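Two complexes, one shared chain (chain A), two partners (chain B, chain C).
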Partner chain A sequence: MRLEKCWFCSSTIYPGHGIQFVRNDAKIFRFCRSKCHKNFKMKRNPRKVKWTKAYRRLHGKDMTQDSTFEFERKRNRPERYDRNIAENTLKAIKKIDKIRSDRAYDHIKNRLKTGKIQRQKQARKQLEQDIHLVKAPLALAQDSSLHLPKITVNVSQTWTEENQPMEE
Partner chain B sequence: MATRLQFENSCDVGVFSKLTNAYCLVAIGGSENFYSAFESELADVIPVIKTSIAGTRIIGRLCAGNKKGLLVPHTTTDQELQHLRNSLPDQVVVQRIEEKLSALGNCIACNDHVALTHTDLDRETEEIIADVLGVEVFRQTIAGNILVGSYCSFSNWGGLVHSHTSIEDLDELSTLLQVPLVAGTINRGSDVIAAGMTVNDWTAFCGSDTTATELSVIESVFKLREAQPSAIVDEMRKSLIDSYV
Partner chain C sequence: MGGLGNNFCNLPSTSSEMTCGSFLSQQQRTFIQMRTVLKVVDNSGAKKVMCIQALKGKKGARLGDTIIASVKEAMPNGKVKKGKVVYGVVVRAAMQRGRCDGSEVKFDDNAVVLVDKQGQPIGTRVFGPVPHELRQKKHVKILTLAGHIA
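Moving on to the complex of A and B:
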């Protein structure tokens, strides 16, 4: 039993799931579910279909280069079974898996950081400019928290002959 | 010494077994008779291993090997690969090959020094063969058939090829392989030599349909007939006896 990867979406195919298609040139295509199989039959390129791992890796959404990926290679030259090595490998698998998923999470978090700052700036601008969409002007006037406090400034103006308005 | 046997009533013993100078692979059958026949001949000398490849019993036609290594197709499961690696001695390198032509036993015929391969084999596969098996690789056809692994069977001492091989081809192959070759049949006239028999430097196993004539041809070309005492005495008599009275 071997857990294969779906050719289209790169998810793991567990036993009892999916379809395998063998082309005339002896290349084997494995699909995890009919969604991927039907997309393949429609001749869609997985690198252009947004929800696949191939697209996400290609467009930098997911982590591509990492040393933890080296551990999951398919090996064609086996080594003699050794109990200690097998035990250590099983422990290592768990650890490596945790490290890989943590790094993948950090990669996505870093990618989304710049967006957060932009979003906050936009939100502040919207609060200043578009608040009238949400609250009526009268309510705005009464509620002191939604606008800057009004400061009364005393302006002294001397009455001179020129300044007096024309009485007519 | 050539032995005649059957695998579950089939005379194609070369399909269900693989014999080399360092190990012997046997298919898992319903009864133990096939395995016992190999064990009785080879038990103390080389390991006899029961295995399957890709879940099938046709292991002789799927894998190719000699005393230095064993090549298995990409369809071999991880568990089978691990079983082979655990059972074989450490000098034998076990390698799984990614190759379109996955029946390696039909595509590659080899002994410990030289290998003949299918003409359409990948270049990487050819390099892997040269590296793992430690042999010189030649792309050839036999009597116009590209499946060289099926239509010829050779060891370090001699070889048997398809009966319709022309004499020029026979000479050419003989010079390439550096062993004497004979065109013959197995299992009452079958041309698929490697399917009907399996051979190494000191034993051979053939299907039970093999006639006595075919068996004697096999024993002579593969140099399996043990040196009989009478032969030595005949040669010595000439030097010992000066003249007959």
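Moving on to the complex of A and C:
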């Protein structure tokens, strides 16, 4: 059993899923689902279709080079079964997966950092300019911070049995 | 990493129309039945055959089945001549066939290899990829002649 990669979106194809198309030049295209298959039949280039891994890697949205990718290289030599090796491999897979997803997450976070800082700056500027819309100038004169003053409301009516409306 | 390694220059990139593409992609592929023209992919001399009967199967033949066919087009000097009635084994079918692991395979066209009544291929070479469903159908000779096994 081998877990393949979809030709179009690069996701893993588990056993029992997908369609395999063999072209007459003996090149095999595997698809994870009919969405990818139909896009292929439409002759779309995966490098131009925004939601595929090919596009994301090409345009620097996702991590491209990392040492954790070396572990997933395709190996054609079958290994002799050894219980210890199999056990250690399973443990390693979990750990490597976690490391890889953490690194990918950091990569995306770094990429989005500049946008976040820019948005915060814009928000601060807007607050300074338009604070008069929400805060009375008298209150602003008293404390010139950009927070709204705290208002305490006294509730006169107590919640008693008689005051409750009749429930239908 | 299948997406990165793919060389898209094999397929022609069309600048055109979604309409033409959506029309083509809705083609429903079905069985190989009477009057289906198939390509011959061995060197027996025939080029195109027309199926006249699918042995086994009420709706038609699929990948790996045998058919009776009539030779419609042949090379001038070959083992089979035009108009001859021959047996053939379907080695490529555009209709998808389920594999035992749950996935499906399909090929680009419909192709046969001509065989005799016993199931031995008439030609000596087979062109293009063949599926390994033929092993289960006991067409081992064709598999040995084949260049690629899908």
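By our rule, the second predicted complex is superposed on the first by the 122 of 168 C-alpha atoms of A that agree within 3 Å, B and C clash if a C-alpha of one lies under 4 Å from a C-alpha of the other, contacts with A are read in each partner's own complex, and residues count from 1 in each chain.
The rule we apply is simple: contacts are C-beta pairs under 8 Å (C-beta built on N, C-alpha and C of every residue); 3 or more make two chains touch, one makes a residue touch a chain.
Nothing here was measured: the structure is a model prediction, and the numbers come from that model.
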Tell me the contact category for A:7 with respect to chain B and chain C: first, second, both or neither.
second
Kindly classify A:118 by the partners it touches after superposition: chain B alone (first), chain C alone (second), both, or neither?
neither
One more residue to check, A:81. First (chain B), second (chain C), both or neither?
first
Is A:26 contacted by the first partner chain B, the second partner chain C, both or neither?
both
For chain A, which side has the bigger count of touched residues, chain B or chain C?
C
Examine A:110 and indicate which partner it touches, taking first as chain B and second as chain C; both and neither are also allowed.
neither
Using the superposition on chain A described above, determine whether A:152 touches chain B (first), chain C (second), both, or neither.
neither
Per the contact definition in the header, classify A:65: touching chain B only (first), chain C only (second), both, or neither.
neither
So which positions on chain A get touched by both chain B and chain C?
1, 25-26
Per the touch rule above, chain A residues touching chain B in the complex are 1-2, 25-26, 76-81
Residues of chain B touching chain A in their complex?
77-78, 81-82, 84-86, 90, 93-98, 100, 102
As the complex stands, chain C meets chain A at residues 1-4, 6, 8, 10-14, 18, 21-22, 24-25, 92, 96, 101-109, 128-129, 131, 147-148, 150
Inside the complex, what are the residues of chain A that reach chain C?
1, 4-10, 13, 15-28, 30, 38, 41-43, 45-47, 52-54, 57-58, 69, 72
